[in-house]
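Both complexes shown next keep chain A, but they swap its partner, so chain B is in the first and chain C is in the second.
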Partner chain A sequence: MGAHITAPMYRRSLPQRLRLEGGRCGACGVTQFPPRAACPRCRGPLEPVRLSGRGQVVAATFITPAGAPPEFAGQARQTGGYWVAIVALAEGPCITAQLTQAAAPGAPVMAVVRRLYEEDGVVRYGFKFAPQGVGDP
Partner chain B sequence: MAVGIAAFGRYAPEDGPAPDEDALTMALEAVRALGALPGRVDCLALASMDLPGRRGVQAGLLAGALGLGEVFVCEHTTSARAGTEALLAQWGLLSARGGVGLTVEVAPGHGAAALLLAEGGGLAAIDGFASVCAEDPGLELGVPDYVAACYTRALTQAARCCMDRLGTGPEAYRHLVLNPPVPRLGPVAARAVGCSAQQTVTVAAVPLLGLTQVLPGAAPGERVLLLAYGSGSACDAISLTVGRGARTTGREV
Partner chain C sequence: MRVAIVAAGQTRFGEHPDLGVKELFASALAEMGPGVDWGGVEVAYIGSLSCGQGMQLGNFAPALLDYAALPPVPAVHVENACASGGFALLQAVQAVASGQVRCALAAGVEKMRDLSGERGRYWLGISGDTEYERLAGLTFAGVFGLMADRLLYEGRIRRSDLAAVAVKNHRHGALNPKAHLRREISLEQVLAAPPVASPLGALDCCPTSDGAAAVIVACEEMAWQLTDRPVWVDGWGAASDTLALHSRGSITGLAAVRRAAAAAYAMAGVGPSGVDVAEVHDCFTVAELIALDELGFCPLAEAGFRLEQGAFALGAGGLVVNPSGGLKAKGHPIGATGVAQAVELFAQLQGESGARQVPGAATALAFNMGGSGASATVHIFRKEGG
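Moving on, here comes the complex of A and B:
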């Protein structure tokens, strides 16, 4: 069973999906992604903050077509499967996302916007992680 | 102060785009290669033969991903010269009103190029341009001799007009950038324009990809003639002079 994201839900989450917009607590300085209503540590207010997109692979696994959720089934069939990783962002939060190609734990990666899938006639874009290259700004 | 190219970025994956890449994601990659954007971008022009969406402002994804809220967005599509169309339109707008503009051109099967335009942008100056347009029905049928004749005629007419306006000749240009409908027409067209073996001829899928291929290897003071063809038999000839910094970096130094 996949996670059905309606078009309005997708639209509301675009700052996170396209710009990696998280939240930083003004009181204790902890960074959250995705942003929450309040800091889970000290209950302080969170201010929007754009994360750098730089991170490091903590763990990665390969998803075969048989294990892909419905929204990614087409991609898995087309490519024979894809990599998913837990990535520790430079600002602290750990998040789960696809990799554009295989990367071992510890490898430095960079968030890039890619086409994820199409649902309800709306192409969904979001970030994946690619190996950090020499040309990265 | 004249509006020129202040920075450029290029994204051309060696093995071609991945299945999860489209015109919009490649456009974003080209902008990312350009480096950090200034705090304010007034105009965003997206050019591509094809865009992935069926309707609506496709460049909205770019504006959203780049965090550009108050920005004038325009799209130039269904033409192989969409990039120069966008570049000239934006250059004219910025020259009249000032500000900073971002022009991005995508060749869906090849890659993308991004140019940051600003007053005093010193990586390359736009000296001038000339455009021609003719009605040549039947180009889509692909009859080789007919396509070659239409292409060469439009190209030479635009190039000569541009050089006449600027008081230059073919020998003034060190680099020639072309996007011929068939690659083999590149050298033929270069000879027709009057270029010799001393000049480098760059053939690219779309004009701005070709320009960003040339700029890193060009020395300050060298001139580039960008000849873009598309939309039936329309051709833009743009003369540029390379400034300092283009050889070593995609950004003005």
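Moving on, here comes the complex of A and C:
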């Protein structure tokens, strides 16, 4: 972790950003995303599990250029702003990511890989969420 | 062992182009007035998110003592994001309560206005979940925007309830000579302000400010040697929560606040109804609404209606929340905020708050929060004989 996401830090998170690899507790079966050191419920060990990418919007906010961090300021200026949501994944955990278009709480969405931003000359790709039925494989 | 605050001071919050972090710290000490027994201070805890340019400075606390010509006692930099000041106070109170020292300095300082808006936004984001929240393009306005969006979706608040928090706190801030934003605003102005992170607009957000605050904490015996009017610290509590909002069971509650408050109330032997005046961490308007509920002051469903009727304001009778103007109007120099809450309540309990005085204030509560609630402190103060 760090304020500045270095290229090596970004590389270490690729299983999560491109494949939605979470962790499933071998003891109690609860799924975590992103994975952590142990299951927060029972401290059991986590085993890698690939999530479906399907989920539902819990809350969404439209970020204007005034509310964007500098590494996203270009995107905000070009588009006038962007939507960010907390999405409840079908397997249980919630995660924060951008939406490809506006979606209200309750809307079904699906993870898609998109360009996030560029830093240190490395374009960072990762998942965003699109309305289900749009861009589904 | 009973613990007291015996002296308190803060700089004006806002723009200080001629003062650096060291000068701000020394100015807060000077605001305590003459007669402070610096030779009695045995340890110092100084809260700051970072220092000066948003870059870490090693040996930060000793550097400040050095500049201010204080005794070379052990000095520690305390960092828990926007709760750095609250945790610095907590460390000082616990050091005295433990009997390890008789007298401690708790201070907080932040220099934010040297930074460009861009650098400032980059720096402030480090207190959240940098890997997912930040890489989704969120700053804290966005994180609190998500909380507010969910509350609106669930029909538990109205947009105007958020605005009512800002209107009240600006009315208080206009009376505070130390406040950053000394002007009243209308509900219509809040609702019409430029959007930042929906549903929050520019007037739902606290400003970035320069400033410093400090208090001296002493054991009972020493307190009576130093002042005739000690303000007792009768309860305290602190807690942590997940860094990211999305990791919590509920995104519309602040569990760390609830747990910190429960500990502080139990220790002080008082409940929410016994509190006369409170300084509540209102970095964004929605934070005060949620905190009113989590601190036990008012159910969330009623908070907006009660604010509309003028509750929690000076002159309304009953509990007054954020008589200083809160972070919203007084300003939010990150590390100074938690200590400045104690500075305001020290004056309130001594009856020295002038136009902002809460009549008969005897019991006070301070709530300071880091990030979107990943860290929280609650302190309960009592007037001598109160």
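Please note the rule applied: the second predicted complex is superposed on the first by the 130 of 137 C-alpha atoms of A that agree within 3 Å, B and C clash if a C-alpha of one lies under 4 Å from a C-alpha of the other, contacts with A are read in each partner's own complex, and residues count from 1 in each chain.
Going forward, a residue touches a chain if its C-beta (ideal position, glycine included) is under 8 Å from a C-beta of that chain, and two chains touch if they have at least 3 such contacts.
From a predicted model like this one, the values you see are computed outputs, not experimental measurements.
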| item | value |
| --- | --- |
| Simultaneous placement of chain C and chain B on chain A, clash or fit | fit |
| Contacts of A:Ala66 with chain B and chain C, given as first, second, both or neither | second |
| Which superposed partner A:Ala37 touches (first chain B, second chain C, both, neither) | neither |
| Chain B versus chain C as contact partner of A:Cys28, first or second or both or neither | neither |
| Comparing the two partners chain B and chain C, which touches a greater set of residues in chain A | C |
| Partner chain in contact with A:Gln75 - chain B first, chain C second, else both or neither | both |
| Partner chain in contact with A:Ile95 - chain B first, chain C second, else both or neither | second |
| Partner chain in contact with A:Arg114 - chain B first, chain C second, else both or neither | first |
| CA minimum distance (chain B, chain C), superposed complexes, angstrom | 13 |
| Contact residues of chain A, present in both the chain B and the chain C interface | 75, 116 |
| Complex contacts: residues of chain C adjacent to chain A | 118-119, 121-123, 125-126, 129-139, 141-142, 145-147, 149-150, 153, 194-200, 202, 244-247, 251 |
| Contacting residues of chain B [partner chain A, same complex] | 18-22, 24-25, 28-29, 32-36, 52-53, 61, 64-67 |
| Chain C partner contacts - residues on chain A that touch it in the complex | 1-3, 5, 9, 13, 34, 58-64, 66-73, 75-76, 82, 84-86, 93-98, 104-106, 116-117, 124, 126 |
| For the chain A and chain B complex, residues of the former touching the latter | 14-15, 18-19, 50, 75, 78-79, 100, 112-116, 123, 125, 128, 135-137 |
